[in-house]
Amino acid sequence: MASYKHFLIDKPLPYVAHVQINRPQKLNAFFDEMWLEFKVVFDTLSIDSDVRAIVLSGAGDRAFTAGLDVQKASQGGLLKQAADKTTDGARKAAVMKREIETFQSCIASVEKCEKPVICVLHGICFGLALDISTCADVRIASADAKMSIKEVDIGLAADIGTLTRMPKVVGSFSWVKEVALSARVFGAEEALRVGFVSQVKENKAKAMEAAMEMAALLASKSPVAVQSTKEILNHARDNTVASSLRYTGVWNSAALQTSDVERAMMSGIKKTRPTFEKL
Amino acid sequence: MASYKHFLIDKPLPYVAHVQINRPQKLNAFFDEMWLEFKVVFDTLSIDSDVRAIVLSGAGDRAFTAGLDVQKASQGGLLKQAADKTTDGARKAAVMKREIETFQSCIASVEKCEKPVICVLHGICFGLALDISTCADVRIASADAKMSIKEVDIGLAADIGTLTRMPKVVGSFSWVKEVALSARVFGAEEALRVGFVSQVKENKAKAMEAAMEMAALLASKSPVAVQSTKEILNHARDNTVASSLRYTGVWNSAALQTSDVERAMMSGIKKTRPTFEKL
Amino acid sequence: MASYKHFLIDKPLPYVAHVQINRPQKLNAFFDEMWLEFKVVFDTLSIDSDVRAIVLSGAGDRAFTAGLDVQKASQGGLLKQAADKTTDGARKAAVMKREIETFQSCIASVEKCEKPVICVLHGICFGLALDISTCADVRIASADAKMSIKEVDIGLAADIGTLTRMPKVVGSFSWVKEVALSARVFGAEEALRVGFVSQVKENKAKAMEAAMEMAALLASKSPVAVQSTKEILNHARDNTVASSLRYTGVWNSAALQTSDVERAMMSGIKKTRPTFEKL
Amino acid sequence: MASYKHFLIDKPLPYVAHVQINRPQKLNAFFDEMWLEFKVVFDTLSIDSDVRAIVLSGAGDRAFTAGLDVQKASQGGLLKQAADKTTDGARKAAVMKREIETFQSCIASVEKCEKPVICVLHGICFGLALDISTCADVRIASADAKMSIKEVDIGLAADIGTLTRMPKVVGSFSWVKEVALSARVFGAEEALRVGFVSQVKENKAKAMEAAMEMAALLASKSPVAVQSTKEILNHARDNTVASSLRYTGVWNSAALQTSDVERAMMSGIKKTRPTFEKL
Amino acid sequence: MASYKHFLIDKPLPYVAHVQINRPQKLNAFFDEMWLEFKVVFDTLSIDSDVRAIVLSGAGDRAFTAGLDVQKASQGGLLKQAADKTTDGARKAAVMKREIETFQSCIASVEKCEKPVICVLHGICFGLALDISTCADVRIASADAKMSIKEVDIGLAADIGTLTRMPKVVGSFSWVKEVALSARVFGAEEALRVGFVSQVKENKAKAMEAAMEMAALLASKSPVAVQSTKEILNHARDNTVASSLRYTGVWNSAALQTSDVERAMMSGIKKTRPTFEKL
Amino acid sequence: MASYKHFLIDKPLPYVAHVQINRPQKLNAFFDEMWLEFKVVFDTLSIDSDVRAIVLSGAGDRAFTAGLDVQKASQGGLLKQAADKTTDGARKAAVMKREIETFQSCIASVEKCEKPVICVLHGICFGLALDISTCADVRIASADAKMSIKEVDIGLAADIGTLTRMPKVVGSFSWVKEVALSARVFGAEEALRVGFVSQVKENKAKAMEAAMEMAALLASKSPVAVQSTKEILNHARDNTVASSLRYTGVWNSAALQTSDVERAMMSGIKKTRPTFEKL
C-alpha cells in the first residue's frame, strides 16, 4: 500500500485495509496538512480494487483523535492566516468559508469512499473524532472510549459535519441536542444504548478484532452488492422514499448485469466460497 | 372477503382484516405472480370501508417469508426472460428497470394502503420480508423470528425498498448499515432494542394475539382520525417540518369537518363506545 | 422578567429563564388566548440577551398540560365560531386552515426560539403536551409522567406538530406509529427507552433539578456556540447533508468572528470560568 | 396497433404512433371511462418497442379537447356518485381525493411514457387540454388554437396537473398566474411568445405535418439516446442540479453500454442512416 | 377600509382593494416603520372577505418606489442601531440576521396574501420595488417604468427576496444574472420580452386601468377557485410535480365541497352573472 | 497570470480575466487532459483576488468548441480504457460512473467559481459547448453561433450538465425538450428569443467587445456585492423560496459587515469611482 506522512496504511487481511491516524504523541490531533492527506488516503482506497473493506482507528492506546490541534490552529493554521489578512468582516467570512468547505470536503472523503468503512472509537474521541466517525458506515467502540462533541467548549459550533450528520445517525434528537449543546463527555455504553455505535468491546484490542472480523466478512461478499448497498443507503438518508426508489431502480438496472449474482447463488447452493472479479 | 390464489384473507374481528402470505410449503417465498396479486390485495383493502385495520402474517409456522423464490426467479422469472431478449447493456438495463419499478410498486401498496397495517414477523424473515415489513406501520415479532437483509448474499443490493425505508424506520444508522452490508441474521430481541419492532412475544401465536388486539383497538377508533394519522406520519417522514405542517393544515381543514369529532368527544364524556360512519 | 396572564416566568439562575404553564386548576389545559400568549413569551425570550437557556414546565404537580381545553374549544373557541359562520365546505376549510396555521405557528415559537429549551414532562402530558415538547430541544421526564398523543381519541389527527416532528425526534417509526395511531398512554421509562426523553428522574422536583442543572451548564457556555449549535441541528433535521454543510459553512463564516473562541480557549487553558458578551 | 373505444391509434410512419382523442361530436370532451382508457393507451405505447415517438392530437377540426364533459360529470360521474354517498365532510373529502388522484395518474401517463410525445394543439383547447399538453414533451400549435385554463370559470382550481406543471413549462410566472387566475383564452401566437409551444403553423394540417416530421426525426435517432434524454430532462425539472447530475451519472453508466453509440458514430462518419436495435 | 400612516387603501370597485405606497415626496422610499405597516396592510386584506383582488401601486407619478430610504437607513435605522451595539462579528451577524428576517417576512406578506395581487410598476422601481413586485402575482408596467436590482450599487446583494424569487419568476437565467450582477436599469419593453411583466401600457394611468380591469375580472370569479389557484401555483413553484399533485388533491378534496361549482356552472349555462358567498 | 497547456489566460482589463479554449486547429474540441486542466483554470481564478470578472471564449474564429473530441475519445480516452478492462456490466458501469462524475465536476468549476463568468458563444458550439455555457452566469452570442445539444446524434444523452441545467436556464420546457431530443442546430437569434443568451452581436469581435464591457462593469462594483449575488442566485435556483431566504439572511449577516457598503454609498453620493479591498 502507499505510504503517507500522517497515516499508517496496511492490509492485515485479504481485501481489507487498515488506516491509522498516526500522531499518537499528540493524541492523534489534526492540523491542516493532515486533513488534506486524509482525503488523499480515502480517495485512493475508494478506487483501489484490492480493497473491499476498511478499518479506521487511531495509532496508540490513548486516543482515536483528540480533534483539532488547537494550539497549532491558533498559531499558524490556514484559518488564522486567512483571518489575519483583512479586518473587513465580509472578506474574513469569505476566507473562512473557503477553509471550512475544504475541511468538510476532506473529512467527507470517508463517506464518499466507495468501500465500507468501519470506525473503531477508543480512548479520547473529541471534536473531529465525531465528524470523522459519523462519516463512517459502522462504528464499534472500545469500553474506554470517551466521546464528546467538544466544539461548544472552545466557543464554536461543530462545522465539519457532526451537527449535520448526527441527527441522521442517531434516532434520539433529545440526546443529540443534549450532548451537542453541552459538550458533555459520554461513554461507550451510552453510545451503544442510543445507537451511535453498533458494538462495545472491553478494550481497544478486542474492538479492533471485532472490526477486523466484520471487515473480513464484508470483504468476502460480492463487491458489487456491498458497494451498491453503501451507496443506496447513503442516498436514502438524504432523499424521499419515492426519489430513492427511483434511484435504486436505475442503479440496479446496471448493477444486476454482473456475474456476481450467479457466482453468489451457486456458492450458496454448493456451499463453496465464491470469488468475485475485482472492483 | 374476496378470495385470492396466493393469499388468505379473512375478517377475524369487526373491521379487522387478516392477510396471510399463503405458500407455506415454500416458506412463503414470492414469485412474479404473487407480488402482482399482493398489490391487488392491498389496493382492495385500502378502499374497503368494512376494514379499519389490517394484520399481515405468513401462513404456517416456519416463515413470514423466505423472500424471493430464487429458484423460480432464475428459471423463468420475468427478469430472466427480459434479460434474455438482448445482449445490449442499455436495453437490458431498460427492461430490468421496468421490472424493478413494478416490483417496488407492488410492495409499496402496503404503505399506500389507507388503513393501518400491523405486520407480524415470525420464523424466517429474509430479503423481501424486510421490504414488505418496512412498508407496514407497526411491526410485532415472535421470539423465533430470524431476520436478514439477505440480498448481499446473492450478489445484489436490496432494491424493493428495504434500503430506502430502513434508515427512516430505525434510528441507528450504524446498525442499519451493519446488517445491510453483512446480511447478518438478527433476532427479535435485537430488533426490539434498535426499534425495528415495537413488541416481541414468545411465539407466533402470542404475537398474532397482540397484533389482533392492537388491530381491534385501532378499529374501534374514529377511522377519519386513524387514517389521517397514518397519512400525515408518512408525509412527515419524507418532508421538512415546514412543508409537513402546511400539508397537515390543509388535510385537517377537510378532515375536521366530520361528525367523528363530536361522536368521539361525546363517547368520551358519556363513557360509551362510539360508532363511526364507514370510511 | 415580563409578567403574563397564563404563564409564570422567572429567572432562578443567572441567564436561565423558567417558564411555567400556569393554569394548574385545569391541568394546564390550553385555550386560544393561551397559545397566542405562549408565542409572545417565547418570541420575547428568544431575543432577551439576559437569557441563555430556558426550562419549560407546568405549574402544579398534576400535569405538564392535559392538552387542549376541549370544553372551551367546543363552546366558544375560534374554531367553533369560524365553522359556524358558513355551511359551505370550502369556506369552512379556509377558516379552519387559518386557525390551524396560527396555532401551529404559536407552538413552533419554542423551536424558533434562539435559546435552547429544556422541557420537563411530568404528570399528565396529553395531546398538545407532545406538540410543545417535540419543539423543545431536550426533554426530561419525571417518573410519574403519563404521555399520550391523545388526538385520535377525540376523532382527529394531531395537527399542531406532533405527527410532523415525532418521526424526526424518535428513531423507531414502528413505535411512533403505534402510539400515534392508538393514543395509548406511555410512561417515562418507555419514553427513555425509545429516545423521546434524555433522562428520567424519580419525581417532578428531581426532574426540575436536573433540568436546571443542565440549563445552568448551557448558560455557562459561549452563547454564540450554543445558539449556533441549536440552529445548525434544526437545519440539519430538515435538509440533506450537502445542503446542511453548505449552510453551516456560511453560518460559521460569521459566527467564528467572535471573541468567544479566544475567551473559551483561554479559560480552558487557564482553568478559569469564561465570561461572554451578551447575545 | 391495438384498438380502443375512445382513441384512434395508428402508425403513419415507421416507429411513429399517432394517438387521436376520438369523440369529435362532443369536442373530444372527456369522461371517466375515457381517462382510464387514456392511461392504457400511453402505458401500452410506453413499452411498445415498435414505437419511438408519439404524436397526440384531437380527432376532427374543431377541438383538441374541450376538457371535462361537465354535463356527464354533473349527472353521473364517479365524483358525483361518491359525493352522494355521505354528507360527512371528511368522508366526502376522502372519496374526492381518491378520484382526483386516479384522474391525475391517468393523465400523467403521457409524462411517464418512455417515448417522447409531441402534442398538437388545435381548435378548442380548454381545461383538461392543458393538463394533458403540459405532460407532453413538445407542443406545436395550429393558428386556430384557443387555449384556456378554464377551471376557474366552473368554480374550481385545476387539479389534474396544469397548475402543477405550467410554472415549470413556461418561464413567465406573471403570465402563468394571469391566465390561470382569469381563465382568459389565449391564442397560438401568445403561446409561442411565452414559450408554451415551440412552433405555430397556419392550420391543423400544417401543424400535424410539422409534428409528424419532428416525430420522424426523433424516431430515426438512437432510442437509447432519445429515451434517456426525456427521462433525464424530466428528472432535472424536479431536482437540484447536484442531485440530477448524480442521477444522470448512474443512468448513463448503464445506458452507455449500448451498441447505439458505435452505430451512431459510424453512421455519422460514413454518412449512412443508422439502424438501432428495438427498445 | 382601515386607514394607515404610509399607505392609502381604498375600494374603487366591488371586491377590489387598491393599495398605494404613500410617500411620494420621497419617491415612496421605505424605512423600518413602513415595512412593518406594509405587513399589517396585506395581512389584513388577506382575510378581509370583502376583498377578492388587490392592486398595488405607488402614489404619485414619479415612482412605484425608489427602494430603501438609504439616508434614513444609514442615520438611524434598526440595522444601524443594532450594528452599533457591539463590535463582535458574530453578535453583529446575529442582530443583522434578525433584522433581515423581519424585513423579508414583511415583504413576503404580499405572497402569503390569500387574495391575488396585481402590481403596477411605474416610474422609478429600484431595489425594494423588485423585492415587492416579485411577491405579487401579476405585474403590469407603465412604459415609463425604470427598473433596477439596484443593491449591488450600494455594496450588497439584494436580500429581501429579489434574488430568491426572480429566477422562478423569469425564465432566462442569463438575463436574471446580468441585471442582478450589474444593477443595470431596464425598461418596460425589456421586462415584457423576458416575461417579468405581463403587459405594458403607455403610461401609469393606462397601466392602472388595465390592472383595475383585471382585478375586476378576478373579483367576479369564484373566490374559492381564484384563491385556490393562487395557493396551488405558489406551492408548485417550490415543490416537485409529484409532491404538488399530492397537495393539490388534498386541497381540492375540501375546496370542491363548495356551492361555487354549481353556481358557476349554472351561470355559465344560463349566461347570468354568478354571485358567490364571501370568503 | 499562470500559463496553461490548453487554455490562454490573460488580463485585458483591470480585474478582468479572459480565458480562451486553445485548440483552434481542432475546433477547440476537448479530451480528458483538457477538462482536468479546465478545472484547474477556474478553481485558480475563483480565489484569485486580482480577478473580479471572467470572460470565456474559444480561440480562433471557427468555434467556441465542437465538443468532445470523439476520435480521441474512441481511441484512447479514459472511458474507453476503463470499459476495456472488464466485460462485467456492473463493473463497467462503476468505472463509467467515476469517469462521468469527474468530467461533470471539472465542467462545474465554472458554476462554482466565485467570480461571475461571461461566456461568448461563437461559431461551432456543439455538445460540451452547452454543458460549459449553461454553467456560466451570462451568455452572449455572436450572430454566427451554431448551437446544438449534439449528444443524441452520437447515441447518448448529454450527461455533463446540459440536460440538468438547461431547464433551469431557459423558461420554455417545450423548446428545451425539442432541441435536446432532436439535436437540432439553432442559431443566435433563436437563442436570444428563448432567453438562452442575453445579447446577440453581429460577429465574434463585437460579441467579445460586449462581453468585455460587461466584465469591466462588474469588475468596477463591490466584489462582496457581486460575488454574493452570484452565490445567492445559484442557491435560489436549487432551493425553495423559504430555504433560500433563510440562506440569504445568514449570508448577508456576514457580508454586510463590509466597508464596501459605505464606500459604494459614498461614491454614489459624491459621484466618484469607488475602490474596494481585494476579495
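Each chain gets a letter, A, B, C, D, E and F, in the order it is written, and its residues are counted from 1.
The rule we apply is simple: contacts are C-beta pairs under 8 Å (C-beta built on N, C-alpha and C of every residue); 3 or more make two chains touch, one makes a residue touch a chain.
This is a predicted model, so every value here is computed, not measured.
Steps from subunit A to subunit F, minimised over paths through touching chains, total 1. A rotation of 180 degrees, rounded to the nearest 5, superposes the Cα atoms of subunit A on subunit E.
Distance between chain centres (mean CA atoms), subunit B to subunit E: 47 Å. Averaged Cα coordinates give subunit D a centre that lies 33 Å from the centre of subunit F. In subunit D, the residues that reach two or more other chains under the touch definition are 89, 92-94, 168, 170-172, 194-195, 224, 237, 239, 242, 250-251, 253-258, 260.
Arrangement of the chains shown, judged by which pairs touch: all-to-all, with no pair of chains left without contact.
Those residues of subunit F lying in contact with subunit B across their complex are 89, 92, 242. Listing the residues of subunit C that touch subunit F in their complex gives 239, 243, 247, 250-251, 253-254, 257. Here subunit C touches subunit A in the complex through residues 116, 137-139, 168-172, 194-198, 214, 217-218, 221-222, 224-226, 228-233, 236-237, 240-242, 244-246, 248-258, 260-265, 268, going by the rule given at the top. Those residues of subunit D that touch subunit E in the shared complex are 70, 74, 79, 83, 89, 92-94, 96-97, 100-101, 104, 108, 111, 151-159, 161, 163-168, 170-178, 180-184, 194-195, 237-239. Residues of subunit C that touch subunit E in their complex: 47, 86, 88-91, 93-94, 98, 114, 224, 227, 254-260, 277-279.
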